[in-house]
Every structure is written in C-alpha cells, then in structure tokens.
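Read through the structure below, which is laid out as structure tokens, and then see the notes.
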Amino acid sequence: MPKGTPSHWVTGVSEISESDIFIRGYAMNELVGTVPFSAITYLLIRGELPTPGQARMMDVILSSILDYGLQKSGTVAARAVVSVNPVMTAGLGAAVLAAGEYALSPEDTGRFIAETFAKWQASGKSKEEAATALVSELRAAKKRVPGFGHQVFRYVDPRSQRLKALAKEQGVWGEAIEWYEAVHKAFQDATNKPELVLNDVGMLAAIMVQMGFTPQEMCGLALLSTMPGLIAHVSEELQSGVRNRLIPDSHVEYETPRRDLAGELTKLGWR
Amino acid sequence: MPKGTPSHWVTGVSEISESDIFIRGYAMNELVGTVPFSAITYLLIRGELPTPGQARMMDVILSSILDYGLQKSGTVAARAVVSVNPVMTAGLGAAVLAAGEYALSPEDTGRFIAETFAKWQASGKSKEEAATALVSELRAAKKRVPGFGHQVFRYVDPRSQRLKALAKEQGVWGEAIEWYEAVHKAFQDATNKPELVLNDVGMLAAIMVQMGFTPQEMCGLALLSTMPGLIAHVSEELQSGVRNRLIPDSHVEYETPRRDLAGELTKLGWR
Amino acid sequence: MPKGTPSHWVTGVSEISESDIFIRGYAMNELVGTVPFSAITYLLIRGELPTPGQARMMDVILSSILDYGLQKSGTVAARAVVSVNPVMTAGLGAAVLAAGEYALSPEDTGRFIAETFAKWQASGKSKEEAATALVSELRAAKKRVPGFGHQVFRYVDPRSQRLKALAKEQGVWGEAIEWYEAVHKAFQDATNKPELVLNDVGMLAAIMVQMGFTPQEMCGLALLSTMPGLIAHVSEELQSGVRNRLIPDSHVEYETPRRDLAGELTKLGWR
Amino acid sequence: MPKGTPSHWVTGVSEISESDIFIRGYAMNELVGTVPFSAITYLLIRGELPTPGQARMMDVILSSILDYGLQKSGTVAARAVVSVNPVMTAGLGAAVLAAGEYALSPEDTGRFIAETFAKWQASGKSKEEAATALVSELRAAKKRVPGFGHQVFRYVDPRSQRLKALAKEQGVWGEAIEWYEAVHKAFQDATNKPELVLNDVGMLAAIMVQMGFTPQEMCGLALLSTMPGLIAHVSEELQSGVRNRLIPDSHVEYETPRRDLAGELTKLGWR
C-alpha cells in the first residue's frame, strides 16, 4: 500500500509478537509492575519513558478532574443511557462524548498556550514585551484568555500554587509555563486587576504544554481522569434498579399547543 | 486474504464505481426519486426491492416510534451531551446507545417470535397444538411472553388492529403473524384472561418477522424511527443556550457523609 | 425551576398524554399512515407540517447519501466495533461519530450559504454585486467555496440539475438557492473557469437552507440518510461470523524499534 | 421526588460544596497528591480507601491490558472515526464501544467466578467437592470455563504466576481466588489435561472478584486500562494527515451483481 493512503497504516505505539507485546518498543512483561500506570500512560502517549518526577506529575494530572457527580452532564448522560441499556460500555460511550466546548476542555487553554508560546519563541522578542503585545492584541479583538479568573479565589488560587510547587519539585517546570505566567502578569497589568488569578485549569494546561502533550491529548487525559468516577456512577445506576430516567413533567415547559391535523392538511394541499 | 479472516471483507450492500454507486446492485442515480426512501431502506437491509405494499408497510414501520420527548432516556442523554459538547454527532451518538433491555427493543419480541415460529415449522405439529404446548412450557418456567398486555387497552388494542388491517391490505400478512396470534390466543385461554391484548409492539415485531427482518435489524429500525425526533431535540437544545445540564441538588440524595482522610490513612497503613 | 437554568427544560417537539403522543401538537395516531415518514421527519425538525411538495423534496434529501459501502470510514468503524461487541446499538453509535470535517458534512456548505445569504439580505446590495464582492473577498483570503467542483463532471453536474429541476417542480425553489447560484456564477467569472460545476452536495445544502434547516440539522439529516445502509452493514457483519477485525501486519509499518528497559530506567533515574 | 422513580437520584460517589468536591466523603484537595491515582480509582469504585497493598494491586490491574495496537478492533474503529471527524472524544467514544462478547471482557470470567463462588459458599460443601461437582455439571452441559488454556503456555502461565505472587505479597489473596484455583484443579483432573493453564485473564478476574469488583466494573476497568493507548492512537492518527480510512477494494469481495431497476420495478408492480 502506498504511504499516506487510507489503507496504509503507520504506528509507533505498540507491536505484537508471538511472545510479547511491545509498548513503544519496551516489552510489556518487563514494564508492568516495574513502573506505575502513570509512567506507562506517559510512555504510551509521549513515546518515551518519563523520569520519576514526570511520572509523579502525570499521576497528579490523572487525579486532577475525577468526578463532579450529578453536577456534570456526562454523568447524567451515562446514567440515563444505562437506565434503559444496562451495559457498562454504553454508559461510558455516552459519557466520553460529553466533553467539549463547555466542559472538560483543557484543550482550548492548551491550544492557546502552545500556539502563543511557539509564536513568541519564533519572534525574537523578550518574554515581557511579547506578552504585553499579545494582551493588547487580544483585548482589542475582545478575546478572552482561557485559564484566568475564578468564582471564589482572588489574588491567589491555592490549587495553582500547589501545582506550581509540584512542577518545580518534580523537575517539569519550564519556559512554556513561564510564558503563560508572563501573559497572566501582562493581563493583570493591562486590565488593572491584580486580583484576577491564574486558575488551576490554566496552570494544569501550561504544565501539560511544558510536558509536550498536544491539545487533543489533553482532552484525552481529562477524560481518562474522569473514568474511575464514571465507572462508579454507571455501576451505582446499574445496581439502583431504576429504569427509564426521564425529566419529570414538573420541570418541563411544553411549548406547542394541540393542533388540528385535518384542517392543516387541507390548507397545505394534501387533500 | 483468506475468507472469514479478520481482514477479509465480504459485502453485498453496495459498491462504488467511477460513475455511480450501486445499492444492492441497482444504480443509485436510477433509484433515488424513482422509489421512496422507505423502499430504499427495505432494499438496503433486506437486499431486494420491495413491492409497493411492502414499501408502504415499511413507511409505517419507520413512523412507528418517533418521539417520546423528555420521557425517553435517550433524549435526556443526547441533550445532556450537547449542553457541553454542542455537536450534532455527539448528541446522536449518545442517544443511539440508549436502546436496549428496557426501551426501544422490538428486538426481544422479534427474537421470541422468530425462534418459536421456526421451531413450530420444524415440528410438524398443528399451529394450535404447538402454541398451547409453548404457552404451558413458558408458564411452567414463569417466563413472560413479550408483546402481550397494555396499561390502558383491554380486549382490543386499536393500534394493533390498524397495523393488522394495513398488513393485510398491503399484502404482507402471513404465517409468522398468524403463529404469534395463535400464541396470544393460547395464552389468553390458559390464563383465562380474554382482556389481555396483543399490543402494538408485539404486532409490529410480528410484521417485521414476517417481512424477513432479523431481531438486530428491528433494533436498528426502531432507532431509525427515532432519528427525526432526536435531530429535533438536539437542535432545540443547541439553540436553547443552556449549558451543563445537571441534576439539581433538590433531586439528589447524597449517601456518603464527610470523612476524615488523615485518620483513615493511618488506620490503613499508609502512614 | 427558573428559566434557562440547567435543570429547567423547554421543548416544543413532543408531549405525552395518557391517551396519545403529540408530535409538534398533532396526535401521533392521526399522523401515522396519513402522511409519509418524510413528512413527519420535516414536521419533527421544522415544527410545521410540510406541503406535499416539501415532503417529496424531503424524501429525496433522505435518499441523498445512503451508502458508500466499505469506502466510508463510518462503515469500517461500525463493523469493527460489532466484530467484538455484537450489538446493533454499539455499531450504530460508532458510525454516527464518523461524520465531521472530512465526510458527511453538508453542514459546512450549509453554514456558508446561510451566513452569506443573511449578510447579503441585510446589505441592500443587488445579488450580483454582493456575490462578486464576496468572491473577491474569499479569493483574497484564499478561502475555498464549499460545494463547487467535481472530479469528473465539467460545466454541468447532472445530479445538481436533477435536484434543481425537482426543487422547482415541488415548489421549494427560492432566493437562498438563487443567491448560491449567483456566488457560483461570480466565482466562475472571477476565476475564468466556466467548467467548474456547482456540485450535488452544494445544491442539496442550498435547498436545505431554502427549506429552513440549520447547518447542524443538515448534519443530522445526512446521518439519517445513512442509517439504512449502516443497519444493513452491521447486520451483514453480525451474520458473517468474523471476529476481531484488525489491520493485517502486511498493511502496517511499525515505527518503533525494540528498546532496552533496564538501561533506560537507570538513565532516567528510576534506579 | 419519591424514591426509586426515574427522576429521583441517589448517589454516594461524590458531592460538590462551595469550597470543595467530596469524593466518597473525602475532600478532593486533601486526596490528590496524598494517595496515587490507582488508590483514588479504587476509592471511587469500591467506596472505601484501599490499603497500600490494594492500591499497588490496583495499579497492576490498570496496567494489565494497555494496548494491542492495530490488532484490536477498538483501535481500528477509533482511528477510522477520527480520519473523518478529527476529534478526540469521537475517537474514544467509538473505541469504548468495542468491548464485549469477543474482546476486553474480563466481565464474563468475573461473572463466572463470582456466581459459582457465592453458590459454593452457600452450599456448605468442601471446596474440592463443590469444584468437582461444578466441573462435572459444566462438562455435561458442554460449557467451557472461562480463563483456562493458552495458545502458547503449557502447565504454567508465567503471567498468572506473577499476578498470584503479587496478590499474596500485597495482601489481596483470598478465598475467591482459591475457589477458582480449585475449579481449575478439578478441571485438569476431570479432563486429564495437567498442561492446561489458568491464564492471566482468569487470574486477574479472580483477583478482581476477591477485591470486591462487580463484573460490570471489571469491564470498566479493562476499558480504563486501554485509555492511554487509545489516546496515543487517536493522536497519532490525527497527526498522520490520512483522511477517510477505508477498506481497499483488493480486500473486499462484492457479492451483488449489477441489476436492472426498470425490469424489477415492473415485475414488482410499481409500474
């Protein structure tokens, strides 16, 4: 099959031989039990084994979203699905689709950081100069910067601070994160809002950019983080015995009045 | 590729040439506009063009489920999904998974009819004798017969009657349906419940067995019937501007009390 | 529940009473059998009963995509899924997700037509003047116009011509389609390419804009059109007995060489 | 809302307050970084914090399946989907559906072990006696026992041995696993096949039964284990630039000959 055609496949992820499965080139039998799941997750996605520090950061990334219970649309969708089709895969399949523009999307923040970081690096400007210019540009275009602001926290988001300390401690701190912090500083200055925090979603996305993940992979990692909670909710629903989840009439406003079919059909020329 | 292996594919559904697409052997350009969508649906699934009567019956099958609004779990799942991921495919993907054991499953009824019909035909017994024997057997095993009974209708389900009249009129009436009616009669007699109706789901499944559809195809047709309603609901949700559908706290009973992490970790030997 | 909040629902699609289901206000028992599935599809999505002509156009829209067999990624995904999880819903769920940027997306063309049409109508300019200006603008921005061009057809796409004739015949012709034709004419003139056709996808999208469908609804209708073929393929796969569809090694290029775990772990500081 | 109805929800998984999210009663801010992802996974699904040993076993369970590359139908489905709809959620959604009867189903083995273990415990018989009776019964009914046998390994499956050693070391060994080993011994004896191994899937399922997971949860955990590989494959596919994955004609056998529409329509009474 010629390269790049729809039936020619190229992969570096894993390969199966008679005797073993090779994960990014490493024998699975040697890997499992030797390094933790978080390290293997990093290996599978990034293609290289992490340092112990990167693996520990990875474990925190996997633990970063977890579960918002019935306050999350994906949980509602999953439980609704299994209330009529009592099968784990169906519930997880529906839940996985409930990530996107308005939820579970470090992807957008990650894309913003990765793209502006690459542009700065190509520009030859100083970080502060470039960040100030970018903020002016964004404000003129009335665009928001993802990852800034929080409903409760002012001046400091303790969760971002913890992530920052951890990233430094584990040796995954770097220029991409510093670039994003510079954008944050420039934004605070330009808007004169020193109380506007760089929130946890922003810091996490910056750390993932620094670790080399693509925006789409960040979406995948966010979903992976929610899987244990989803399994728990689907299992709970399956054991609840409730069938046919629905919206009670008391919560629904029906907009369409009853109508007369015969009259309408005549009017439209059916009769 | 050798036959029957995971990378050897056999299909009779359609084939693409430079100039046209061949649907079950017929040029698509000739088909579309010549026969209605319901006829092409029958052709694609059954492999043969229907008679005009079969096509009319098919149209009624496609119109048989349609939409139960927010009383259906699939609608709830679809709207929950697009409230965070505002994309038509994601909403339809979730909804399609909400068909199974407790909803949208003419499949089970179809399987019952198809299997018992085949067994009767192989048995050499008279229809009445076989139906009576089957009912005894089912009652001894405390199994229910799918498609019998209704919350409101007694003695006669007007919807089944309409379907029956239509099936006769359109020439799709036959032995499989009569077999199922015989089982119904035997069940009424054995339980002494003449008021127990053969409901519309039962009659529809019997007609689909008669037309040659497999149980899995019936599930597919049921989902196809709900597609217009699902498109309407997803579109309505996308236009509503509501984000992050959730279950309000007033409807949720939280079972787990707050717990002390440090104490528990010590007890379990983490510290 | 207050309006517009995540647990307050508003719908005009359908409502269930004790005695019947009301589809956009019409009793389902009266609808089914009285008007065809294509008319009910229009009613559910657009909210109003169609004229007989609109219903006939709708039937052609439902028949417009159908099936590309194993040349379509959605078919491959569906059959791969049911080769390990032999369930109709799972196969359809996967297939429905295989519509988007590169396939089954009248959505983009529809969005282009709807948006530029609205802008023209608000502009007060003549159709030709506005179309010429739009084309200049698009060419300056190096943007392509969706729905123009075809691999085989030159000067005329016979399928578009048939759709155009039908739309006129059934009374669904109108200004939105004429606007799109004017853009096509302006594009041919500006590029001096009179052989560049307005293709069938373009004409179909224009007709759907004219009929009042939103771009997202067009994506839904495209998927609906493929459902009979998908049911046929999933059913065929389920009956084939083939398990575990995979890509044969002869079609895969494995990029990662075998690697030494122990050495790498030492180097990275794990040991 | 009355209990047990479709709009009354009960959950013990997690609860959101103004200040924090409570995971099974524990404050998320205290949990994350204190115990690893594998421990939180156990907590979310089982409802209780694990011991350090249970958490280590959990990490091995999460690492047990990982990735079979393009030899797995789920990978093929995911990559096919994103080749036309280049979105991470869509790819993962399709892949999650590709677990069931013929792949990724520790569920069946888990169900067998859990059900027969419970029956034995209620029986009052000795383990050996009960195991021998069960094997006779299964053989008479010509049922297979899931989790026995391997294509390559004879007498001993080194992977099961490692899992067994680890389970003992981490303190998760127990009666359910011993019951399953007794069934294995009885099966070897009854069939006189001492070379028939208890394979890794069997041992893993037994360990998960011992740890208290339900069969459906095992399916969820198997899928969770494959998520890193799926993210890697979807990302690789998105970066490959290949569009519209399809099955090349050289691999497809088309069964339906070209047919004459006009003649057939006349014959069927359409004309």
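Chains here go by letter, A, B, C and D, matching the order in which they are written, and residues are numbered from 1 within each.
Quick note on the criterion: contacts are C-beta pairs under 8 Å (C-beta built on N, C-alpha and C of every residue); 3 or more make two chains touch, one makes a residue touch a chain.
Fair warning: this is a prediction, and the values are worked out from it, not measured in the lab.
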{"item": "Type of subunit B:subunit C copy interface by residue overlap (half), same or different", "value": "same"}
{"item": "Chain pair equivalent in interface to B-D, over half of contacts matched, among C-D, A-C or B-C", "value": "A-C"}
{"item": "Centroid comparison with subunit A (C-alpha atoms), farthest chain", "value": "B"}
{"item": "Which of A-D and A-B has more C-beta pairs touching across its chains", "value": "A-D"}
{"item": "Between subunit A and subunit C, centroid-to-centroid distance (C-alpha), Å", "value": "27"}
{"item": "Averaged-CA centre spacing for the pair subunit D and subunit A, given as whole angstrom", "value": "24"}
{"item": "Centre distance in Å when subunit A and subunit B are each reduced to the mean of their C-alpha atoms", "value": "35"}
{"item": "Interface hub residues of subunit C, defined as touching at least two other chains", "value": "1, 7-13, 15, 31, 47, 69-71, 83, 85, 87, 89-90, 93, 97, 99-100, 243-247, 251-252"}
{"item": "Parts of subunit A lying in touch with subunit C, wherever the complex brings them together", "value": "1, 3, 7-13, 15, 22, 24-27, 30-31, 34-35, 47, 49-52, 85, 87, 89-90, 93, 97, 247, 251-259, 261-262, 264-265, 268-270"}
{"item": "Touching residues (chain side subunit D, partner subunit C) in the complex", "value": "69-74, 76-78, 80-81, 83-87, 90-91, 93-94, 97-104, 243-247, 252"}
{"item": "Contact footprint of subunit D on subunit A as seen in their complex", "value": "1, 4-16, 18-19, 21, 23, 28-29, 31-33, 36-38, 40-41, 44-45, 47, 59-60, 62-64, 66-71, 79, 83, 87-90, 92-93, 96-97, 99-100, 107, 152, 159, 162, 166, 214, 216-217, 219-221, 223-224, 227-236, 238-248, 251"}
